[in-house]
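Scroll down for the structure; my scribbles are underneath it.
Letters A, B, C, D and E name the chains as they come in the text, with residue numbers starting at 1 for each one.
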Amino acid sequence: MPKRTKRSKKSGLPPGTLVHIGEKKIERARITLIDYDEGHFQEKEIKRIEESFPFKDTPTITWINIDGIHDVEVIEKLGKHFNLHPLLLEDIVSTEQRPKLEDFDSYMFIVLKMLFYDKQDNEVKAEQVSLILGSNFVISFQESEGDVFEPVRERIRNKKGRIRKMGSDYLAYALMDAIVDSYFLILEKVGERIEDIEEELVTNPTTETLHEIHKLKRDMIILRKSVWPLREVISGMERAGSQLIKKSTTIYLRDVYDHTIQVIDTVETFRDMLSGMLDIYLSSISNRMSEVMKVLTIIATIFIPLTFIAGVYGMNFRYMPELEQPWAYPAVWFVMLVIAVLMFLYFRRKRWL
Amino acid sequence: MPKRTKRSKKSGLPPGTLVHIGEKKIERARITLIDYDEGHFQEKEIKRIEESFPFKDTPTITWINIDGIHDVEVIEKLGKHFNLHPLLLEDIVSTEQRPKLEDFDSYMFIVLKMLFYDKQDNEVKAEQVSLILGSNFVISFQESEGDVFEPVRERIRNKKGRIRKMGSDYLAYALMDAIVDSYFLILEKVGERIEDIEEELVTNPTTETLHEIHKLKRDMIILRKSVWPLREVISGMERAGSQLIKKSTTIYLRDVYDHTIQVIDTVETFRDMLSGMLDIYLSSISNRMSEVMKVLTIIATIFIPLTFIAGVYGMNFRYMPELEQPWAYPAVWFVMLVIAVLMFLYFRRKRWL
Amino acid sequence: MPKRTKRSKKSGLPPGTLVHIGEKKIERARITLIDYDEGHFQEKEIKRIEESFPFKDTPTITWINIDGIHDVEVIEKLGKHFNLHPLLLEDIVSTEQRPKLEDFDSYMFIVLKMLFYDKQDNEVKAEQVSLILGSNFVISFQESEGDVFEPVRERIRNKKGRIRKMGSDYLAYALMDAIVDSYFLILEKVGERIEDIEEELVTNPTTETLHEIHKLKRDMIILRKSVWPLREVISGMERAGSQLIKKSTTIYLRDVYDHTIQVIDTVETFRDMLSGMLDIYLSSISNRMSEVMKVLTIIATIFIPLTFIAGVYGMNFRYMPELEQPWAYPAVWFVMLVIAVLMFLYFRRKRWL
Amino acid sequence: MPKRTKRSKKSGLPPGTLVHIGEKKIERARITLIDYDEGHFQEKEIKRIEESFPFKDTPTITWINIDGIHDVEVIEKLGKHFNLHPLLLEDIVSTEQRPKLEDFDSYMFIVLKMLFYDKQDNEVKAEQVSLILGSNFVISFQESEGDVFEPVRERIRNKKGRIRKMGSDYLAYALMDAIVDSYFLILEKVGERIEDIEEELVTNPTTETLHEIHKLKRDMIILRKSVWPLREVISGMERAGSQLIKKSTTIYLRDVYDHTIQVIDTVETFRDMLSGMLDIYLSSISNRMSEVMKVLTIIATIFIPLTFIAGVYGMNFRYMPELEQPWAYPAVWFVMLVIAVLMFLYFRRKRWL
Amino acid sequence: MPKRTKRSKKSGLPPGTLVHIGEKKIERARITLIDYDEGHFQEKEIKRIEESFPFKDTPTITWINIDGIHDVEVIEKLGKHFNLHPLLLEDIVSTEQRPKLEDFDSYMFIVLKMLFYDKQDNEVKAEQVSLILGSNFVISFQESEGDVFEPVRERIRNKKGRIRKMGSDYLAYALMDAIVDSYFLILEKVGERIEDIEEELVTNPTTETLHEIHKLKRDMIILRKSVWPLREVISGMERAGSQLIKKSTTIYLRDVYDHTIQVIDTVETFRDMLSGMLDIYLSSISNRMSEVMKVLTIIATIFIPLTFIAGVYGMNFRYMPELEQPWAYPAVWFVMLVIAVLMFLYFRRKRWL
């Protein structure tokens, strides 16, 4: 569990109060604005959110991207100007939302989870991304400056694909697609680690392996939590019948939907495989222990009777007739050998050797 | 299982008979009354329930809160005056209800579970809260004096948020929201304990750890039992189409609904994680045992043959030619050393060392 | 599985053939008849079923209760006079039905399971109860003379509650309610036993504990089998839209429905808890074994090397210079002590001590 | 898995090609024909399938039963005369169908699984039974000559029950009922074996017990596979609204449906019980091993230190002052006794004794 | 996980960009074309995809089969000429699709998984097959040159069955049927291996057996992933109400649907059986270990006390009166014998022997 879950500090406040919940990931919010239509393109970083307000009423598509959601004031101003519901603003700044879609007739509110692999902690981490889709604008909120949207920006800049010809709904789709695409990167990495662990399991399973398996299992839990509701979000957009979503965009949504299902499928498959690997790990421990036991048992059961015999003839009784016989010593060796051989054959028959 | 489950004493009575089921948690019922609209506010503690009756017919919003439900008489009188169904009253005083919603046209009956963390028993405990939502009043019943509703009272007193401008349905929403908010507090605490246990599992798992895991698992069972039906309750209120719920309140209900889903999600995640931790615990026991076995086996298998050899030359046969040789004693030491080294190499190859 | 399952003897007979399946629990069927309306009340035990026939056409409510269903002839006559479908009669006498509802327009047929705790076998047992609900009569069939309906009789006799004012549907409800109420008694007993076992698990788990857990698990399976379908039965009655069920009774059915859900919930919770207890039991066995192993290993690994050293100096070689030194014996003791202490420290570091 | 699954030999052939898949269970197909109405009855075994063709157009009910489905030619001729769809014929001769219902307007095609307990292999085995229900005929196909339909024949011959008065739909019902009845026989047998195993588990669990449990589990898998789809088949017939099924027969179908649910319920209960028994088995093995370990540990830890002491005084050092004291020998015995008693008390406190 | 999952290289590209994802399985794409109607038949291999374009507008049925999908250019040209949606083309070349159906009014797009058993890797492998069904053409895409469609080609060439008389929908059905048929081949092989492993489990379970079980479990996961969505695909085609699917073909689709259900059923059964086998494996390891322990314990507990006694009389105390007695040595032997016999009897009573 991340340490940032301090939802408690909000407990008791009236709904719609903006309190940032989550880690403060970057120093100050960074606002970038892209404005375009087929012929026109403008990109700039703005200091004060008010600079973006004039774009609201132009017919061109405007994409306002805000990195860093702890600056509650910025979001409040934006909300006022764009007429956004206070509960929606509250959802944007509290980073524990699950992916969801809310349709407010004149705009749509979409919450998503961006996942990335944190190499330092060796863990999958989630970051909340909120999108507001209006008829001619998209506003996106990220917790920190990510580069997952960069390819989309690139496509807008360079007029690659059809993005410059399509509306704000296509832009929203493109952003969601970029996020879902990033899930595949994680799955690929996880897939590779699963392969590595599988080999380790056959060659040399250690406690470390166990912890690795459990870490991956946990990553899968997080992934699943982020992706499952996404299914409903996207199919909800498709079915909403909202005029914000043009019919030509529906087929693209269908495509992201398919990708989401694919991600879910793979997550489920990985879960099944990890459970299987856990079983193998546990039984390989049992197996090894059983082998250790066998070695101990073989050594002990062969030598214990022999040691007993040696002990007997080490006794100091005055009247032990055997001790006086010249053939006694070799005879004892012979008896010992016979016992050892019999034991050996017995273990062989039991298949312990 | 709490000891208070003495539902049996009610068995056989006609339905609608008021018998308090559950622990008697406070000495005597405490009734507080808040009456308000946008301009007006009145708060008082009342001794006799009859004092609240005149407020029924005023246009202002009246909130009657009753702490302590064992005083059956109070509830009976209230029920008669407010025209409440006898079965409903029966549900209020029997504290084993699951969360539910019942729509009696002119009023709605809502049962909820408030959860709090009992530090003494180190356990999550549930308390029943019943709400009756009328067109201009809300009556709330609690088992003991809690402070979970205090922030709502504060907001009414200080005109914080929009509560003073909205109707009784918004008040009911605010109370439900306060309860759902309190679930997050519990989840935070549980989350922290899970983190602690995870660390313990890696460093030093004990039987205590196991019992902790199971306690948390059980807490999750209780939480789940309280929260799952809540989902239906809230979505039921939304969909009911009752005129008690104004359209403007629906979006707030939607918000509590989202929180409920979030709680359920987290509970399920915690359950998955706790199961995973149980697996780790069990395999760490296996691991440790396997390690113990290895140490025993290594020591025993190295020394048992050596002891045998020493035993052989401790025998008292008269004719043991080796004993007379001056080089025999060092030779025996040499043989023993060779055996020990071979054993050592064998174990190394087996990766036991 | 109870031994009475001899359904096989019916295999191949035409449908509608009355063959009693199950244990014959009492010697002869006992028929009691209660006839009442608001002003009038009559109760008698009758010898021949024909005595009850005249009551069929009176406007008063008639309740015929038959304890013992092995007397096929009685049921056949009753069926003929009350015009009951042969398949229904067949269901009454075969005690392996699952709870169900069948609506034959002019009457309803309800099968329920009564559960009671058999102290002799220390086991939950089920008994089939069938109800036929007509417009002015209720016929109930029990396998043996039970007292679960006694409180209902009492209420009719003494005009307690509203039962004397209501119709036959309310009577049927009251009987079903009495049965569902009896489930709570069982759950209370099971709850107490679970608490006991939990304590045992911590203090001193034995094989007996395991068998107790499994017995309770099995009881839960039986309970669940009896209660699950009941849910559909009751909601079916509510929704049936039959004119046999008056609207005023619906709310009471809703109440039983809630109780049924509560029972199911508790059964599921108990199942989860019992599974958790099984895990604790198994891991406590592992734990104890691991502890046993540790003791063995510590003792053995400390003394085995020492014994070896003693063995070495017990050898009878003629030329063993150490043996002649006066300081040798205390030196050996010193070496042994050092080895023992080193071992001890090693185990301490390993946290085995 | 039965060895007969040679579906591969059909791979690539055009659909509707009749290839018998499965074991050839009897030498040659045996065709029996029963023709009846209320007044008339005729039964004969026929050699050539063509003899049955004239009966197709008589108003009486005709039941053609074919034992042995490997004779593809017979089925092809029959199909041509009765106008049956080629895919249907293909399904009849390939014995791996799951139970299903297909409605071809003028006739219905029903596939069922007959189960019987093969005493030789000590296993539940499935045989495919196909029924074709026309307006005045029923054709049934079995893999081998079974006697499960004999009671139905008997009832037709002797005019027992209402079968002679009813139509072909009732005949089909009677056949299905006979098959479902046979499931109960199997469940009874399985129930008895479960009881036996439960006793064995308490008294003396062996590996044999484990294999028995798994065999039963597997039988339950087969049963379930055969019975689950049956539910849909029967409810499909009820709901089909086909004119082949008269309204008076529906209630009988409802009855078979109830039996099917009962079978499914029992199968699920058995599965739960078998899982529980597996748990008991595994923990009883753990238990026994733990007991073995305890015995070993007690013996070893008591005697290892004593043997060490004996070893010390068996050393041959010249200067060991104790050896010369007359009281030394009894003193050593005393020390040994004290050690043994202390160990004993320690084990007692640990509850190992 | 196959190594080819390099979906990452596509991340960030605009949708509809054709990038081949997956292994390049054959050198260059191979295009075959079959054109037929009832009277006419033509088959040829073509070098350039353009050669196939004229066939688009002929009334005859045209089947274009492309083996090898890495040649993105071929697919792009084809897409342009046949007016296929860019997203569809993208799906064809990325081999990680799950089975799905997309209806583009004038054509249908179907993705399937062909499974085959790779003998080298001893593993089930999946290959993507895409079908485009137009009113008079079918285009099929395979990853490599397979022979699973050969029987269909054969039937077209030789006018076997009704394929030459039916439309393009029947051809698509025939291809899907061929694929589903191939699943049965895999299931047969898996079934045989399961039987083998079951025997191994009884006679001599090794770690190898465990890995085999897990491999099969994994194969089942892959199979399930491929077959589950197929169900929806086929029932989607049936229900689509598209004019591409003639009514006469629907019954054939129903048949494939049944086969798919059969495959799913068998996969689930295999999964259940494999889980059961895992349990047997694990408990057989426990069993064997328990047996090893018993042997060790018996040997050790019999000889340890005897060795102790021998040790006692090997001590060198000067005053040990027993040592001087002539009867002492035989007496010690007698005592030892008695101890051994008592131990033996004890183990016998414990059933360890």
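Methods note: contacts are C-beta pairs under 8 Å (C-beta built on N, C-alpha and C of every residue); 3 or more make two chains touch, one makes a residue touch a chain.
A quick note: this is a predicted structure, and the numbers were derived from the prediction, not measured.
Common neighbours of chain A and chain D, listed by label, are E.
Of all residue numbers that take part in the contact between chain A and chain E, under half occur on both sides, making this a different-residue interface.
A straight line joining the Cα centres of chain B and chain D is 42 Å long.
Taking the mean of the C-alpha atoms as each chain's centre, chain C and chain D sit 26 Å apart.
Shown for chain D are the residues in touch with two or more other chains, namely 286, 289, 293, 296, 300, 304, 307, 311, 314-316, 320.
Across the interface of their complex, chain A is touched by residues 1, 5-8, 10-17, 85, 87, 91, 96-98, 100, 102, 204, 207, 210-211, 214, 217-218, 221-222, 225, 278, 281-282, 285-286, 288-289, 292-293, 295-296, 299-300, 303-304, 306-307, 310-311, 313-316, 320, 322-326, 328-329, 332 of chain E. On chain D, the positions that touch chain C within their shared complex are 150-152, 154-155, 160-163, 174, 177-178, 181-182, 184-185, 187-188, 191-192, 194-195, 202, 251-252, 254-255, 258, 261-262, 265, 269, 272-273, 276, 279-280, 283-284, 286-287, 289-290, 293-294, 296-297, 300-301, 304-305, 307-308, 311-312, 314-320, 351-352.
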